[in-house]
Amino acid sequence: MAIRRGRGVAAINYPTGMNLGGDPTQALVHSTPTGNFMVTLSSVDLGQGMKQIMAQICAETIGVPTDRVIIDTADTDTGPHCMGTFASRGTHRAGNAVIQAAKEARQVMLEVAAEELEVNASDLETDGQGNIQVKGAPQKSISIFDVALSAHFKRGRSISGRGMFLIPRSYPEKETGAMKPSTCYAHACTVAEVEVDDETGEVRVLKVKNVFEIGRALNPKMVEQQLVGGSWMGISHALYETTEPYYPNRDHGGTDFNQYLMPGPGDLAQTEIIVLERPSADGPFGAKGPGEMCANPQIPALANAVFDAVGVRIDALPITPERVLRALKAQAAG
Amino acid sequence: MAKVPVEFTLNGSEKAEFIESGTTLLHALRDKIGDTSPKGGCHQGTCGACSVIIDGELRLSCLTLAETCNGADIKTTAGLAKGGVLHPLQRAFLDAFATQCGFCTPGMMMAAKVLLDRTPNPSRDDVVEALSGNICRCTGYEPIIQAVLLTARANSQNAA
Amino acid sequence: MPLALQTFPTVKDANATLQAAGTRYLGGGTLVIRAANEGDVSTSSLVRVTDPGLSQIAVAGGKVRLGASVTMAAIASHPELAAIAPAARAVGGPAIRNMATVGGNLFAPAPYGDFAVALLALDATVVTEDGETPVETFLAVRDTSRAIVTAVGFSLPTAESFRFLKVSRVKPKGVSVLSIAALLEMAADGTVASVRIAMGCMADRPIRALAAEKGLLGRKLTPQGIAPALAAAAEGTAPITDPIASAWYRAEVLPVYLGRLLLN
Amino acid sequence: MEMRKDYFADVRQDGLHEIGQARPRLDSPGHVTGKTAYFADRNFPGMLHLKMVRSPHHHARIRSIDTSEADKHPGVVRVLTAKDVPHNVYTILILIQVGPEDETVLADGKVRWKGEAVVAVLAETERAAQEGAAKVKVDYEFLPAVFDMEEALKPGAPLVNEYHGQNYYLYDSGECRKVRFGDVDAGFAQADHILEQSYQSSPIEHAPTETTGCVVAPEGNDRFTCYTNTQAMFFTLDNTSIILQMPGSKLHFVGGTVGGGFGGKVDVIVEPIAILGAKLTGRPVSFVYTREEEMQISSPRAAEMVVIKDGVMKDGRIVARKVTGYTDAGAYSRHSPYGTQKGAAHYPGPYTIPNVWIDTYCVYTNRTPSSAMRGFGVTIGDFALEVQMDKLARLIGMDPLEFRFINAYRDGDMKAHRQPTEGAALIECMQEASRVANWPVAGKYMAMSSYKKGA
């Protein structure tokens, strides 16, 4: 028996948002009487944390702490249209809509503050802690709490804003395929190390080192969640997963989590994540969509690592022990 | 349909219900009693999202008939926090960013709680084994393992 | 008809009810309740027995008697059953092990039933109201068995004599690619004096590796010594094909893993 | 995780108050206390349960459906067939003008995949619905089925879906989406080596821990509230409006808290029939996929076949790349024509290649309809492209990482679909990978930049 080691590399890019655009998202922002901000959307949180990110984006734009923002989403009686959560579009599309809405609300907020402070709105800034102050003279300030009370009960102003983000749809040219699929792309490069048991075809993933360029990590811990979980899913796709293990034969499809294989907590590779940020031109604070692409580069990197280890190419997914063993036997047979 | 009585203790309070014979504990808890913290991810015993603690042991409520739990002491994730204060495991799951979609979280915490109740200072392998019947599709497991180890470390520091 | 559970204090009472159509015995629930949840409407009545004797573990004079309701977790943590604990621990995750029973495992179709593989290697006896049956015979006719299994009995092996290996793709908990249990007695000269090998996933239920057993007798546990046994290991097998692995793969790696079990 | 802030520092504004900060997630306290409300955590008195009778055959004509025994079964409240669905033939992308309508909510006259929905049974309990479903009798006449994409594309293959008329999706560009850039034949003629390889995948399931489903409650005023785990609220609402021929104002969808999606919850499958059931019975309705349905009935990621032919020079430049991609849509379109087209836009990968030819086909077979999944249209393509890159590097005796530097796209490079590259960062990712993985490359590659040449 021999355990043989190998490593492989892969580099990829991935578009942010629906292919060819044409996928709008809207947002509404308004202040409560005491200066909390309600973001109304119909975007869906699948667990990636879209509610939290929209709160941070709104907070940054308005100039308040994130805990002053409330997200009301995915009720079609209240939330304006969103195309949906898919195609790595949530943060990019909804984030831009929230920024636009929050900017409009912020402008009203500053106008009310300007009236209270008897200065020009253009001379005001927020301190990020819940106050509005005169630029260069921070002692002259008013709390957003008081500004909102004033707007509601004294000045009859609605501190609110509307946001809409749409990348116009591109139609591919029939003969050449000329088109504009996306406005920004995330990037990744993964190096994977494996051990292959040449008697059983079992592949053990020792290490994956993933470098991701995602535009901007709006919340680094949440980015880490996505990238770590995505890297696991990439490994899973590469080595384990299929609903039809004998495709194109339809038989023996798994119907539960025992038969549908995914790496367990005892199969985890040592995983390293490095993040680079090249802000995108049109993303919210430069963000791109990292959610999908983070599960892609591990797959070819592992395929290449298996070849590096045992000298056989598995060009069909998933790279099961059976496929490796069959290839090794064919190799031995010459 | 014949109804049968069931009585058990749920998170310290007495519960008595008439249920249809053959009802799983998962359905009884969720649909009759209103504790929706155990989740139905598979109803097959393969995902662990419905895990509860019965008389100190980790069980799958989707494969347990409610009427076999008469007199039992049942604990669910809904009962972990006391008086509005989070249980150390809950705190650790927050601090370790160990939840994404959150659907597996209540089951994971039940599995982790049983482990820590018996093995206050578990090794990583102990944690991996304890969580091995619970599926998570979002996190890649590592943050959850870290959250459990973090809880153990915090507990041992508090005890010291 | 809705599903209904009937509870009896003794096996005798339950056995009578179990003869009715659409009735199944409820052990740990991992097979029967699952089937009901998945829409199997052929079962409308479940029967269970609360006799505490069914959950008892008795170890005396080198003999073990496990009540049919004894769980995998109870076996795995029993201080006197350390030798067979690996086979009990091979079943499911912690929650499943708290529920899955010895009796149920005898009926679990491949790729499940790892503990029954161990019982087959141990030459266990299956106890019902009708009497005692060798596990090998019982497994062969289990599909038509109607009497409730009350216990299994076997001689407790020493830790050195009993070996168990489960191969799964997912760790630490995954269903079997295959499992192998071996009971080996060595002679003073280091050769195999007696051997029973059982395999999971090499048929729809646990089966003996008779040819491999024969090939091992009188041989040393060295690569050369076991070579004939490994070469014969697949004889008489009909490995299953399922989402975990194909019959081809299982047959290919059986001698590899048998070799590792014997040499380690 | 480590942030490498030294890259692109000149174009990034750091030091913001909330952005870039690891704020705790506002939803996590709900998750750890079990208080987060998923759709299935809503329970209404008198709620009915919907179970689907599904096709046991891959391809068959339905001669007759007899629901009389099911109708009479205790606990069964209503049995629905195709004739109950106002607009039974639909396709979800019709909202963005991608047709034709090609799928039935409930099978009408024919089934095209094993598992297709035929009859819906609504009952007081899940058990009664299961029992009722078991009593539905459907008389099928088997038809030949095709499972292999190459077979499906051959003349004379069984026709999978009459609404298309052929076993591929017809784009405005013809039988495939095309990209033509440069002169690929001239590129091959010039190349030192040519390598043509074929790559294959099989379907993959999203396998979220929460299965697809919804709970519908009549509001009592002719409106219906649908608690759902859809990934796209209005997409689902608007398609439901079309299928049920109900004004959208009668529909109220509540969701947004989903137990994992990964692309698996953008098909509009459970909501229309559940709302129809609520409408016809006046009762709340729950339709939740079993785990078995989630694994085998819900759309998987498509199986794909990718054939890549490359011309490469000894110095490492790829001078021509021809990619033919096949996406196994299964029996119906769902999102597959979109995903196939996304593949065409993605090839030839993040590399600058002067001569490119792309054809991507969306192929119909008698299998579970596939649809979107994390990395839709790209994931399998990237597997093929990046294994091909490894093979090419070895073919010319070059380090695989260095080989990628030579071909990596940079700002200003023209892509095959005729957009100039903007915001590239592939080179920097590879440079960092070289460092962290201790995979050294020549200094000239470490000195490269994605920035516009000369800028």
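Note that the chains take the letters A, B, C and D in the order they are written out, and that residue 1 is the start of every chain.
The rule we apply is simple: a contact is a pair of C-beta atoms (placed from the backbone, for glycine too) under 8 Å apart; a residue touches a chain by one contact, two chains touch by 3 or more.
This one's a predicted model, so the numbers in the text were calculated from it and none came from an experiment.
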item	value
Chain whose mean Cα position lies farthest from chain C	A
Centrality ranking, top chain (CA atoms only)	D
Length of the line joining the C-alpha centres of chain B and chain C, rounded to whole Å	29
Geometric centre distance via CA averages, chain D-chain C, whole Å	42
Centre-to-centre distance between chain D and chain B (centres being mean Cα positions), rounded to whole Å	33
Centre-to-centre distance between chain D and chain A (centres being mean Cα positions), rounded to whole Å	17
Residue numbers of chain B (touch at least two other chains)	20, 22, 42-44, 46-47, 97, 100-103, 128-129, 132, 135, 137-138
Multi-partner residues of chain C (at least 2 other chains)	2-3, 36-38, 172-173
Shared interface positions of chain A, touching two or more other chains	46-47, 49, 221-222, 224, 228, 230, 233, 245, 253-254, 256-258, 260, 262, 264-266
Sites on chain B touched by chain C in the complex	1-2, 4, 20-22, 24, 43-45, 48, 51, 57-60, 62-65, 67-68, 111, 114, 128-130, 132-134
Residue numbers on chain A that touch chain D, as the complex places them	7-15, 19-20, 22, 42-47, 49, 51-52, 55-57, 59-60, 63, 65-67, 71, 73-77, 79, 81-87, 128, 169, 172, 174-185, 187-191, 209, 211-213, 215-224, 227-228, 230, 233, 237-238, 241-245, 247-250, 253-257, 260, 262, 272-281, 285-286, 291-293, 295-297, 299-301, 303-304, 307, 313, 315-318
In the complex with chain D, residue positions of chain B that touch it	20, 22, 30-31, 34-44, 46-47, 49, 76-78, 80-81, 86, 89-90, 93-94, 97, 99-106, 109, 135-138
Chain A-facing residues of chain D, complex	1-5, 7-8, 11-13, 16-23, 25-27, 58, 96, 114, 147-149, 172-174, 177-181, 197-205, 207, 230-235, 237, 251-263, 265-266, 291-292, 295-296, 300, 303, 338, 341-342, 344-346, 349-350, 358, 365, 367-368, 372, 374-380, 382-387, 389-391, 400-401, 404, 408-409, 416-419, 422-426, 428-430, 432-433, 436-437, 439, 450
Chain C residues within the chain A interface of the complex	169-175, 241-246, 248-249, 252-253, 256-257, 260
